[in-house]
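Report on one structure; see the data block that follows.
Letters A, B and C mark the chains as written, and numbering starts fresh at 1 in each.
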């Protein structure tokens, strides 16, 4: 279910401009996927992601969530790719065999997924989503996108609560929680119907409220919240952008393998 | 860039990525993963930016509600343990009521929000969600939401496209593995019969996506039918293309 | 400041006319209460006065609406809303969702208008203090009680300083202290020349602050006059609007209420009347 990944903190990374952290995450992900070498994603994990998590005090949570998201995936990856890969087996076990290629492939994919997920968890653990949106708007993202993301995040809990109260009401009226897939789909209908219709019927009122707050105005917007930034961070963001583009180009042209 | 140009550029980037992956067969170990990830990421950002630019305030306020529906209904489906995702009903509703751009924006941002709040590993699939929203809008434009069986058929076709679009991500980024042991085993089985990883994830997708999207489109059709006519007609897109059969559905409140 | 000339309105896709032939003029700086039973068309009237009908809702409008010297029909909505505020019925839907703290939520409209940051900060602070919600400034608007959300919704309009402020049952979820606060704040706005239209069921408090009361029944403007006449009228009970406790007490007192004296609608009027009637 929905997590509140973010916890307030005072570490260096917590104090970074959210766009800096986002740039770091994206650079890490792109670099991890750029080369076939196993050491590259492993090094990014050990020398960047983990130390950053330690510095910001989220290391244990990072490990816990990585395990939760990726442990089953990685196990399956080794089973499937280790056993099914096409070239000759490394180990012949009768009907199945372990293939070197498959194991290498599984390891590489697992390491890349760890960087992908770890980099984003690092961002989410240290950055308030509202501040991320405000900072992105300050960097030119359309305010509409910020509104869409923030508003959804805030109305989901309310909708979930409504879903639960509809569910309770129906249980109280004696609607059984049915067995079997078809029965369960049927049981969803009286729940989803009122929930969705109720939600959609509020759209008009929300539109009026937004217009009343001049959301449709074409004037140049100002910002109430000021998000700290620094020259050093600006330089580092530009360098990360250059690195990212360079990595993509070098990899696509086959310079990096 | 104009909004339409952004959407077009994004679509071209996504298609070019797909064509490159199909034709060049770079393999999951080499550049395939990076190309799939970067191409789809850039494509969905461009589509999302262009789509949002085009939206009126009333479409803009529809979208958070549509996204909340995706998330809450998707979680309910998960909690009840049925073998369907049903996490794109809101995308279809937004696309049908407010047009392909609204559908695309709903799709991309739903993935972003899932990523921000529940599970960051889902974000690379944003393009698939955008595709569903665009398809729903186009189908509404063509009158596919006037009759239930057309809606169901449209869902089936959309599911086929979804399977094709998401296959490179499943193959090159996730190595053919998902959190579900069932679908992963199917992918593995296809590979054991000699299919490439990309082909295997495509085939696996073709087994599950069309069914899920058929159900999703049918459920969305039923919900839209139950809406008061005045609500459906509130959206300029739905009025202009006469998305709904007239005289159907409940009147008043 | 607000002028309706034989205004009628029908929502799109519906057969019934919800507002019929309404004509009225509200001068600048007047605080007008609107009373009426459920379904009378009060919310619809509020949306007409603030321009959301026809700009957002469509439907069929006949007659003319002029607000702040502008024809509502011919003025684009962004221009209209820069001078007209609407606080709508349900505070949950009134929250923008764009912001994660009450202070930022209050500032949202000002950001959209492009108000410079310094002024924004001082206006937000003033509003927080005026509505006594300064202690909530850093809280998430979604984690507040209904009444607190209602105060935030009112504040988010007040902070924009519109010349006309229309409020649709703004105190429905507030306790007496909270409602008192809102009524006082609205009274102050009137003193500053703001035109206030207040749809309200709390007749006693309305009687204290309003300059004028409109009674809306079945989409028709049935009565229009000072609180002491409109709220004391016999018909109000028949229309399902009810009456103040003071009026009810005087009616119940029957012969003890001085003969010929108008029925009271405020505590002061009731006290004076009963004092006179006492032996």
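One rule holds in what follows: a contact is a pair of C-beta atoms (placed from the backbone, for glycine too) under 8 Å apart; a residue touches a chain by one contact, two chains touch by 3 or more.
Just so it is clear, the structure is predicted and the values come from calculations on it, not from any experiment.
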| item | value |
| --- | --- |
| Centroid comparison with chain A (C-alpha atoms), farthest chain | C |
| Chain pair with more C-beta contacts, B-C versus A-C | A-C |
| Between chain A and chain B, centroid-to-centroid distance (C-alpha), Å | 18 |
| Geometric centre distance via CA averages, chain C-chain B, whole Å | 44 |
| Multi-partner residues of chain B (each touching 2 or more other chains) | 58, 64, 228, 234 |
| Chain A, residues touching no fewer than two other chains | 129, 147, 151-152, 155, 202, 204, 206-207, 210-211, 215-216 |
| Of all residues in chain C, the ones touching two or more other chains | 56-57, 97 |
| Of all residues in chain C, those that touch chain A in their complex | 47, 50, 52, 55-57, 77-78, 81-82, 85-86, 88-90, 92-101, 103-104, 107-117, 120-121, 124, 140-142, 156-157, 160 |
| Chain B residues within the chain A interface of the complex | 28-31, 33-35, 37-38, 48-49, 52-53, 55, 57-58, 60-65, 67-69, 71-73, 75-77, 80-84, 86, 89, 93, 105, 109, 112-113, 115-121, 123, 173-179, 181, 184-185, 187-188, 191-192, 194, 215, 219, 223, 226-228, 231, 234 |
| Chain B-touching residues of chain A, taken from the complex the two chains share | 1-3, 5, 29-30, 33-34, 36, 69-70, 72-73, 76-77, 79-81, 83-86, 104-106, 108-110, 112-113, 116-117, 120-121, 124, 129, 142, 144-145, 147-149, 151-153, 155-156, 159-160, 163, 177, 181, 184-185, 187-188, 191-193, 195-197, 199-204, 206-207, 210-211, 215-216, 248, 251-252, 254, 257 |
| Chain B - residues contacting chain C, complex | 58, 64, 228-230, 233-234, 251-252 |
| Touching residues on chain A, where the partner in the complex is chain C | 128-130, 143, 146-147, 150-152, 154-155, 157-158, 202, 204-226 |
